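Shared between the two complexes below is subunit A, which has subunit B as its partner in the first and subunit C in the second.
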Partner chain A sequence: MTKRLTTLLCLCLLLAAPIASADPADLTTAFSLLGERSFTKKAEAIPLIANSGHPRARQLLSALLEGQLKQRKTDGRLVWVEQQGDTEVLLDPLTGAPLAEAEGGQFTRLTINNQMRVQLRNAIADMSLADADPAVRLAAVREMTGELDDERAAALERQLADESSSAVKAAIETALALRQLQSADDATRLAAIQQLGSSLEPQAQLRLTTLVESEESSPAVKRAAQESLRGIEQRKQLAALAETLFFGLSLGSVLVLAAIGLAITFGVMGVINMAHGELMMLGAYTTYVVQQLLPNQIGLSLALSIPAAFVVAGLVGVAIERGVIRFLYGRPLETLLATFGISLVLQQLVRTIFSPLNRTVATPEFMSGTLEINAALSLTLNRLYIFAFCLLVFAALVLVLKRTRLGLQVRAVSQNRAMARAMGVRSEWVDALTFGLGSGIAGVAGVALSQLTNVGPNLGQAYIIDSFMVVVFGGVGNLWGTLIAGLSLGVANKVLEPWAGAVLAKILVLVFIILFIQKRPRGLFPQKGRAVEA
Partner chain B sequence: MKMMMRHLKSTALAAVAAVSITAPALSHAADTIKVGVLHSLSGTMAISETTLKDTVLMLVDEQNKKGGLLGKKLEAVVVDPASNWPLFAEKARELISKEKVDVVFGCWTSVSRKSVLPVFEELNSILFYPVQYEGEESSKNVFYTGAAPNQQAVPAVDYLMNDLKVKRWVLAGTDYVYPRTTNKILEAYLKAKGVKDEDIMINYTPFGHSDWQSIVADIKKFGSAGKKTAVVSTINGDANVPFYKELGNQGISAEEIPVVAFSVGEEELSGIDTKPLVGHLAAWNYFMSVDSAANSDFIQSWHKFIKSDERVTNDPMEAHYIGFNMWVKAVEKAGTTDPAAVQEALIGVAVPNLSGGYAAMMPNHHISKPVLIGEIQEDGQFAVVWETPGTVVGDAWSDYLPGSKDLIADWRKPLSCGNYNVKTGKCSGQNF
Partner chain C sequence: MILELLKNDRGGRNLLSVLAIVAILVPVCNLLIPADNPLHISTYSVTLMGKYLTYALLAVAVDLVWGYLGILSLGHGAFFALGGYAMGMYLMRQIGDRGVYGNPELPDFMVFLNWQELPWFWQGFDQFWFAALMVLLIPGVVAFGFGWFAFRSRVTGVYLSIITQALTYAFMLAFYRNEMGFGGNNGLTDFKDLLGFSLQSDTMRVALFVASALALAVGYLACRAITTSRLGRVAVAIRDAEARARFIGYRVEEVKLWIFAFSALLAGVAGALYVPQVGIINPNEFSPLASIEMVIWVAVGGRATLYGAVVGAVLVNYAKTVFTGVMPEAWLFALGGLFVLVTLFLPQGIVGLLKRKEASA
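Right after this comes the complex of A and B.
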């Protein structure tokens, strides 16, 4: 029985062989072209692979695009290197079967250039229209939108007939309507304009504008196109407004994160801590170290970095308080100088240990990319996460200060030290813990910053001025003031930026704060009652 | 005869006196030739300049292994100006007057160069400046081994215009002298090529700018007008990472809106996650990925010297390599390390560069360089996509700025002038 099956199988293979034989031959030339140094030669391989009809053609093209195709240095053989967990697995590019370890050796990645990337994306889009995954189909249609030739338009129309996903359907209809705008027939054009409506597709506005400006459009078409354009303009303005607000809140959330630790050390304790920025830098470096320890679990390492950074920065904070600041209470100028010195020491320390070069902190997959609301408005995910994180940290801090024993003691000591001591509060101990808490929060802010900017010795310097600005503007000693001040300064900055430019916007905000402090020296939300003079 | 004798005697006496006064310094200087290294090892610029210090140390080391220079050993004197511009001038004076170095390799930012310039001119020493800069300067005492705008910015714009058919331009830069001047030159150049005002967007940001959301959104809007758009970036150092990250996050790919950068090299890329940068461009005169025998030797000895295979090489390192070899050749040619003689001998010296060609020192104290355009790859290296057919000669005074198009620099005798106006036939009194 088995024997017969095997013979049958062999027969089948034999039968199949002649049909398939044309393709591998094609791919050998394609592969040898890919091995060439010149990009023009390499690019010639793309249509060869795309039109080969090889069952794995699409995977091959995406592997080339993703940089998974590598070439062995010794003999130029192409392999497919796939990352599976921690290890790299070598696969045969034609069959996808794993290659033996013995096939190893030194490999270099096949480099491609932008022109090839465009070609590859187009070729992959052409082959992905019938994919089972609607997201892949949608991406394919998007790729084609605005660049339809007859062949592609026909393919899209065929797909439209048996398309199940409504999102893909809408995208195809938009793409086809964009093409019909160029038709010579007025009725088709009008129908296309109707179809586009107030679509936010960037191509739509462009083509409608050319239609309005064109000499040969009939008045009816022009009117309809203008109508459509007005709708688009309105929706775009709304989207721009929402976008500015989001940008502002997200900048604000970074400011709040940076300032909130300072709101404790400066606001509650009255210590001018110039090393606050360096504590954030330590938090960012902690993220880097944790990520080095867990190289393949970026998401997990980021989550672990939050407590780790809190502990590291908090301990350094306690050490600074016990070692330096406690001798300088009530002498703000000396504190300022001493902590400035500490900030320089910490910077150079990091430079010596980690080198002056910036360190790479990877962003986890779930934090990159955008949340697309519509074609004109999409919110970047990392900013969204950091905004949520900022609110979370703020809530946690408010809870600690309002609901825990430590919080009660902190407030007691800051309001009336002598009285608190008389009630049996160990004020020195509370000072150290408060400073540690503020510093720990700075460390946590550093984790968030590591996702946005460079992790290097100068990270802290960039934020120290902004942090003081936010705390002073919000009202020293008031956490809610810090939150409101940070968010509103962020929004103000982003509203000003488009017409004043980044440099001037920053200056304007500073000037505004100077004027504001003249009027209200105690900030937005001044402390009231007896606490003021404490 | 008697007169003569007396004269000789007094000269000899004077010489003896001079020797006895400066004896300690002389006896030290007699057995080594001192090479000054003026790069920040702490502070903001340490990130870029530390590598250059190591490069000079390596070159000195190699020269000593080859038997030194004029029969003497070379000795590197390293000082740390700590990214502090006035300190650069102090340290330069210390190197020349106190340490008696014969040549200085140093500076990165234009402001540090401007700060040391009067010192070098007063004490008539030699500075090799290895970084691409905005031009509009030619000093008798400075040899510019980095690129002038016509060796980096202008060819890059040509590439975008001719090969990528770019029609709209965003000139984005950090707010200081190099981007401002470069963008002024580029703007004039683009307009001369018929680009309209509304197709150019200029944007400046503060140093270390980290919140790029609205600027990137603006670029996206500017780029959606249906014409091919590119960003020409003179954004400096640290601000680049959040900029490229934001581009990636807002879904702008290099195929849609390519960014060509003049300050992003291998060293800068080694500290960041390169995924969002893949496909964006940089224009330099050297890439680590350049395929040449000289380059692979250089990389090998660099790895050996720095004791790490991970370290990258970059364009300013090549500039020091060229500058150092030029100085060695000029000293051999002049037979002395005396700065005045070496300055003269340097003009016309040609040494191999790392991309397989030759670099020659021009009378305007700039050198000839090939211009390469590379696309950033995932491993932080560049793949060269375009290069000038030959080398381009550095132009000290840009031809596209109204104030400088009639100026030339030529330090050969009899002209010996850093800014000679060919229209009025006058050399303005300044040296720079």
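Right after this comes the complex of A and C.
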């Protein structure tokens, strides 16, 4: 808070405007000044508004700049006319509240001249620079970059001393260095060039390139600029690498989400469930339905979808286990066929109920947008959330299997059914619950998928082969293997993509896994001990 | 020799007799009986039946490896489609300059993609003998290569099923790419001639039908010959106890490899006969769903009987034609239900059901 005040104070000083307090009287004066015909009078209003401390001062100035502020012909009252689609909406300039239609009438636009435009832009930039939101400050610095005059350079230098966000700091440094490039003194220019070498702003690279190509620059400057350009290039490559890695991990986390449910049903129980993808699809459709029920609370509906999808998919899973799979234990090929049949039925069921068309599930606000690390690297938030979610689900699953009574029984039954029964474990009940657990996790994975792709009846099919590959690659019956296999396959896919194309990359990965299974039929982390062959 | 093969095979005898009768009756009913006679069979039906027969041959190929060798292949669609593509390439070259763009050398889709010359792997497909050889060779060699890797490293059971599925999935992704030079997702179509005769003529349709019937008969007898031979008995031993067969001293890998490759070759022939009859081949034939449907034909008919596979393929596909015509939404329900019901209640398929009835009577 104190920081904000000091920056505001700095601002007042640097504008060299009449010092004013946050007094509504000032705004009233400013409004009446704006109504004057003379441009000099109008211009006097700008510092008044800028220094008024009114929360909407910045918006007011931009409205003036863009000609959205209008004056009623009859009584000279100022209104804010906002274009919303095809209709014009009248707003009160001070509160931003819509005005009644009755107050309409004939309006003239407040005209401004070029001098005022410059003044307005500067005032808006300065106010943005003092904004509490780093994103606004960053945009303001970028806006100024390349066209700094002495005053604003001084302002930036002051801001630099107080700046807390490293991204804004870097942008300010770039802007200042770009200005120093114009200096006559070679030493200053060289220092600026070196400074620019650590910047990733596109403008820096552009200017350095022109420097290298320009006839006028001295050899020392040219050399330094080349050096800096190389540095930028390297850092850009590093950023690209980090981006690839991020996309790979993101794809990998989706694969892991899709595969850990399977790691339970296939890995721990040994049941081939070809309907696994369709259980994910059910989870995604559950998200869609919950969102239809709560259309105005997207965030809440998404949070509710997670348990809902778990329950829906889990119950369907238990039904599948009780209805079909339990008659087929020990006959894996038959299980495969029967569950494949179930997957067809589920797909068709969804097609009949929801139509074969894809459905879109809205993404809540906190998940949309990007996280900007620096000028060359920004990460999409929804993928970041899904990565975290994947790790969370994985951790929860590991905890359930390792720390709970159910987990103990599941492991006991999978290792030695007869012995577990002799110890009083109800193995049939455990089977149903284990299968329900794996299926429920597939449903939860479907919730995550609904945030990345459209929800359609074929959603699951796209993932079923991939998830089997992940489980087999990681080693059947090994949750950690599944995690590592999923993430590394995701990264491998994205690393191959730039030079092989998306489809070929996928094929290459598939071929690699096929060859890998030949070499190590039990995957990366094979199970050891007597339970293996059973 | 044929008689000897069929001596203890009543199902096979029945199948071949029915096949012979159909192969004679259908051409007569289509070509000689006038269209207004109730006994006339339309060309559409002839083509449809021809399609069923190619499916039946494919099912026999699947049954050979699943029923007698214990390999549940979820990738036989790949071999079927490869044979189909080899035939499709020949048919594309036969179009010549009658395509939309009138290019005598390049198929339409290549002109559309701005290709200047025929890719190397399309060379030679203007000769029928070469295409026919490729129909046999390509699926056979792919299966041999795949099996060589898979069987030597002793990938078995479910793992093998899943990697066969991955195989056909990878093929599907690859053939969807335009850059592959096989027409992308449109595949190969607009065929005109086969061996200089128009594909649209009734005679050609009937000839293809008879060829399919003949191929099925020969394929059946070949599989029967294999299964009744020493090799076939070793195969059954491997199916029932692989480790034991290996310890006794049989070369398990070699047996599997040769039978698997032969089965793929049969599937390729089925594909090659299928393509001129339906008039199109596209990457959808590679889809894992298509491959798994083949398995259900065999399961419905009855595993390890060969003629059961034929019965299953014809019945399921007839049901598919009826269902998709009358109520398209219901087909996947029916197919899915079939998977579940057959595995739960009819592990021996329809043929097994009939056998059981006979035994109890």
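One rule holds for everything that comes next: the second predicted complex is superposed on the first by the 314 of 534 C-alpha atoms of A that agree within 3 Å, B and C clash if a C-alpha of one lies under 4 Å from a C-alpha of the other, contacts with A are read in each partner's own complex, and residues count from 1 in each chain.
In the analysis below, a contact is a pair of C-beta atoms (placed from the backbone, for glycine too) under 8 Å apart; a residue touches a chain by one contact, two chains touch by 3 or more.
Bear in mind that the values here come from a model prediction, so they are computed numbers and not experimental data.
By the touch criterion defined above, A:F327 lies against subunit C but remains apart from subunit B after alignment on the C-alpha atoms of chain A. In the superposed pair of complexes, A:I172 makes contact with neither subunit B nor subunit C. Contacts of A:E497 after superposition: subunit B is touched, whereas subunit C is not reached. In the superposed model, A:T380 makes contact with subunit B only, not with subunit C. When the two complexes are overlaid on their common chain A, residue A:I465 makes contact with subunit C while staying clear of subunit B.
Looking at the shared chain after the overlay, A:F247 reaches subunit B, while subunit C stays out of its contact range. Look at A:K519: by the touch rule set out above, it reaches subunit C but stays clear of subunit B.
By the document's definition of touching, of the two partners only subunit C reaches A:A338; subunit B does not. In the superposed model, A:N113 lies in contact with subunit B only, and not with subunit C. On subunit A, the patch touched by subunit B and the patch touched by subunit C overlap at residues 348, 351, 461, 501, 503, 506.
Chain contact summary for the complex, subunit C toward subunit A: residues 72, 149-150, 152-155, 157-159, 161-163, 165-167, 169-170, 173-174, 176-177, 288-289, 292, 295-296, 299, 329, 332-333, 335-340, 342-344, 347. Residues 39, 67, 109, 111, 113-114, 117-118, 121, 202, 206, 243-244, 247, 250-251, 254, 348, 351, 355-363, 368-370, 378, 380-383, 452-454, 456-458, 461-462, 494, 497-498, 501-503, 506 of subunit A are the ones that touch subunit B when the two sit in their complex. Listing the residues of subunit B that touch subunit A in their complex gives 42, 44, 46-47, 50, 164, 175, 203-206, 208-211, 213-215, 217-218, 224-226, 238, 241-242, 245-246, 248-251, 253-255, 258, 267-268, 270-273, 276, 279, 375, 377-379, 383, 385.
Those residues of subunit A whose C-beta lies close enough to touch subunit C in the complex are 272, 324, 327-328, 332-338, 340-349, 351-352, 461, 465, 468-469, 472, 501, 503-504, 506-507, 510-511, 513-515, 517-519, 521.
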